[in-house]
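Comments concern the structure below.
A, B and C are the chain letters, set down in written order, and residue numbers restart from 1 in every chain.
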Amino acid sequence: MVLAPLQVTTDALNYTWILVVSFLIFFMHAGFAMLEAGQVRSKNVANQLTKNLLTWSVGVTVFFGIGSGIASLAGGGGFSAAFMTSGTGWIDWLYGAVFAMTAATIVSGAVAGRAKLRAYMTYTFLLAAVIYPVVIAMTWSSTGPGLVEVITGTAFTDFAGGMIVHGMGGIAGLTAAAILGPRMGRFNEDGSANVIPGHSMTFAVLGTLILAFGWYGFNVGTSAIIGDAFLGEQLGRVAMTTTISMAMGAIGAAAVAWLKTGKVDTLYVANGLLAGLVGITAIPHTTAWWGAFVVGVLSGAQLPIVFNFVERTLNIDDVCAVFPVHGSAGVLGTLLYPFVAAGSVAIVPAFIAQLVGVVIIGGWTITATAAIWFVLKSVGQARVTPEHEQEGLDVSEHGVETYPEFGSDGVVADGGNVSEMIRSDGGSKDE
Amino acid sequence: MVLAPLQVTTDALNYTWILVVSFLIFFMHAGFAMLEAGQVRSKNVANQLTKNLLTWSVGVTVFFGIGSGIASLAGGGGFSAAFMTSGTGWIDWLYGAVFAMTAATIVSGAVAGRAKLRAYMTYTFLLAAVIYPVVIAMTWSSTGPGLVEVITGTAFTDFAGGMIVHGMGGIAGLTAAAILGPRMGRFNEDGSANVIPGHSMTFAVLGTLILAFGWYGFNVGTSAIIGDAFLGEQLGRVAMTTTISMAMGAIGAAAVAWLKTGKVDTLYVANGLLAGLVGITAIPHTTAWWGAFVVGVLSGAQLPIVFNFVERTLNIDDVCAVFPVHGSAGVLGTLLYPFVAAGSVAIVPAFIAQLVGVVIIGGWTITATAAIWFVLKSVGQARVTPEHEQEGLDVSEHGVETYPEFGSDGVVADGGNVSEMIRSDGGSKDE
Amino acid sequence: MVLAPLQVTTDALNYTWILVVSFLIFFMHAGFAMLEAGQVRSKNVANQLTKNLLTWSVGVTVFFGIGSGIASLAGGGGFSAAFMTSGTGWIDWLYGAVFAMTAATIVSGAVAGRAKLRAYMTYTFLLAAVIYPVVIAMTWSSTGPGLVEVITGTAFTDFAGGMIVHGMGGIAGLTAAAILGPRMGRFNEDGSANVIPGHSMTFAVLGTLILAFGWYGFNVGTSAIIGDAFLGEQLGRVAMTTTISMAMGAIGAAAVAWLKTGKVDTLYVANGLLAGLVGITAIPHTTAWWGAFVVGVLSGAQLPIVFNFVERTLNIDDVCAVFPVHGSAGVLGTLLYPFVAAGSVAIVPAFIAQLVGVVIIGGWTITATAAIWFVLKSVGQARVTPEHEQEGLDVSEHGVETYPEFGSDGVVADGGNVSEMIRSDGGSKDE
């Protein structure tokens, strides 16, 4: 086929835009790695980092071979010969893969500090191969009406994955954390909670800001084919609502924290900013400017409340607060769709469609996640031993220390005597 | 209106370019957060991070509702009904907002370690609502001749905000720091200075490199509408002068440090690199290749000298050196315009116009900033108590510790005994 | 010349794409800085960071004035009057410069912890001025057939610098590390090795993920002129093979580590991911989808083996494993070209051409690097004194401490007594 010259330029623009936003979304893995690393104990940091690296590495490979095929069941794909020889099709694949891996990586924050590496990797494999692709097959990749529209007669609205990616990841995390049980010492016998603070607020906030940077790709980039029809109106609305909701999320969480304790907890501000981003992700293209304020402030304000409920009432140890940040905020934003829309939306049918979508995606995610973690638990492979948990997963699972010079391991930071610093031959780095 | 097909593609290119550079400029907040966090004591890190998150969150909201309207006084905008229903207009708004928030966030580095959170947020609110927008109304957003041109007959040249954004932010920071007074123990009774080193050079350098990355968006991205007329010459010049001035800034600061002490202070190299970026920001589009060397090396070399003057002579505690990096380097680059231009520029009228612009922007910034901080100080709301300053702002203002496992708070890094690590129920994380 | 309207838009697209990927590649310096900082002792972190900042600053300046001229010897350039007044030419220059600086910065990881700053900077100067430019003149910038084609009759294939940038950098690093000798205490008299662990796994992994982000610009961005002819097929293939090879690199290294020790060493996973990226960099545009799996897993799997060989057999102290990551992985991927190609390639002549290219580039790099470091060593300027090495290069070369509040320098993290924290007047920060 000979392309007309203008079409060449237009196609090139479309594909370079998709690539750039895919790179930004990929970079969110650095954000998740830092956000989670900062929120865990120093003895578990390398474990968290390794999970992050392997989530991407194993997940994207599985999504190439299996997941992307299931995701586009309705329209062929993945397994097909056409896919394996495609070129531009691989741009679309990468674009799909970075969204898939975002859903996958959220779970690791919930099960931090006690899940076995092999358990987590087994779950990640199945999430990338089946759980997430089934959600996509039911929603984004349907060539006909999606499952929600078949059931309710109204289409399900989720622009960039507020429910499909973040809600799904947050719910999966909560489910896994519930089955896995809390870290040792997290809850007392009377059900009261102890705080196990993360080891570095600096890394947590760095992760937050890297995520926000990547999120612009996530949300604005979902206006993918920008050169064929002029999508400037949509691009501008998405950029504005994403910005305002992120800002109001931080403000909402800060306000609730301040009202309750008189102080502005840094981690609530950071997680509130992320919750504001999650909240708007389903609906950035349709929300009115004032709606972005509403979605943001509610997404942020619910964070401390839901965190409290999960901790105090459910006694679930969701280490990095992934449910309040990704789960409940994603559900909230998805359900708010008809109430904050810029244009005229028939509220009742739209709300029902959104609710049905949330229930289907949530139900499938809980069911599949629970099944896998119950099996892992029943064969004694879900959780490290109490000794290993006490010692820290870095040493027990990876044979490394994250900060060998700091802390109280008999290793001094003094440069005066090198022999005190070095491990003898035979350490893991020596194989 | 039906757009011609080529215009669709061209508009799409223009807007995606503006969006991508806006994302890069937003990411500079991660850079500022790390740069400043690295330069403060570990007991004040979370405070610095929180200020950074809230500067963006509160600032961008205020700039949406108030600031952008004032900024474009001359040509309508902000408050108007048109703005509230726009689409592509919101792309331009985000583009303006990320510049505004850069100016705002600079101040937090100067007042670190002793400003009350509510004082800082009050100032940030007013900076985003009024102080910066007035500067914009006098310069970039004028539809007719700007204020400087009205006065001198010659236009004020500031391509990407060397004076308007960075100079303004650096001067505001110095003014606020002067009124607030130094941290306890920073200066002795005889006027001599003590160094209070930052807690992590690694975070400071990470922040520096993130800022440099975002700065390419800041400077090169200011060639905004690239598809309608071929701006390749300008794009290339801006990319080259920005790169060379950044490099020479690091070299200039390193050289002065080395000449004075025989050693190359890492922080001077990092801040010199940033000063080189600031120095060229007003004039990257007009400066000759050799001019970029001149601007860079002078911007870097002035850093240790001006830092010294601020510390030793003025006894102002500008914690993160924001005046030498953003203030004096911004002024210097702005004034160098006619002397380093690639083309022929009438030196005297151009220099007068630049000088008048610097005086107007600097004068307005000092006046407005001083008024606000004097009021805050007079009502006892500017500064935390000596007890809180001693204890650190993380605990007193935020109820958190940035590194709970490190240091000497009776919390050991040993994983052996979880109960030693956890805060009892009722800590801030529990609300 | 009056450009036709479509050509204006197409040129603008091409140049903005080149600029965006150049920014991404520049950002790899933040990745290298963090990766290397994390892998060195805390007493040498600021030294490593300074080297990184100065590599860019000095290197890019030298490459502007000297290196780019030599690099394009065959076709004019660099020194020429045309270059000094160009605009779009400077976009191409920046694009070349960010590749050059990647090669330069790799070396600092190999010689960490004992090379004198002035020795390292001398080498960097010569690398940017001559060593790398000569490689470019022999390969990418030849207007006629490159040197390999002249010799073998078959062109040398290196798409994005698997050999030209990474292989060259890794080989240079190994050569310099061999001549410089190991850090004190690194090897015992019987030739057995001691591990000197890096000070922060978190920074190392952050650096890894920043590098992977930038690498998308490095590889995908090498499809540079995307608007004139439709390069979608190539863009998609490069994006896919880069992703898969990166993922399989992490998996391959993790698998070998796990087979040998039963544990998954975090640093091997991170470095394996990078080795997967290096491995594909020469050939992302021609490799079949299954070939990306092969290249990735082999690049990752060779990492622990080659690291072991360098450490145990050669007793070379390659601190940040730059040879296994950049050197051997780059050579491997370059040589694999004909065996994993998607299309039909005549294996024997193609392999010979690749081998000859590897030998020429490797031979030149070793010769030039060895000559410089032998001279530096012979005049006693290569290495710091044993006292300075013991004390740490941060203090001896830079007069700073990276983490003044942590460790055992008599400086306590307690906020209670500021006077204990502050250095007296006259410290390096005071000049």
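Assume a contact is a pair of C-beta atoms (placed from the backbone, for glycine too) under 8 Å apart; a residue touches a chain by one contact, two chains touch by 3 or more.
Because the structure is predicted, anything quoted here is derived from the model rather than measured.
Removing chain A from consideration leaves the other chains connected by touching as one piece. A rotation of 120° superposes the C-alpha trace of chain A on that of chain C, rounded to the nearest 5. At the chain A-chain B interface, residue numbers used by both copies make up under half of all numbers present, so the two copies contact each other through mostly different positions. Chain A and chain B have CA centres that are 31 Å apart.
In chain A, 6, 9, 13, 20, 200, 206, 406 are the positions where the chain touches two or more neighbouring chains simultaneously.
On the side of chain A, the complex with chain B involves touching residues 6, 9-10, 13, 17, 20, 24, 41-43, 183-186, 188, 192-202, 205-206, 208-210, 212-213, 216-217, 220, 226-237, 239-240, 243-244, 246-251, 254, 257, 260-261, 263-267, 269-270, 273, 289, 293, 304, 308, 311-312, 390-392, 406-409.
Partner chain B is touched in their complex by these residues of chain C: 3, 5-6, 8-9, 11-13, 15-16, 19-20, 22-23, 26-27, 29-30, 33-34, 37, 45-47, 49-50, 52-54, 56-58, 60-61, 64, 84, 86-91, 93-94, 97, 117, 200, 203, 206, 394, 397-406, 412-416, 418-419, 421-425, 427-431.
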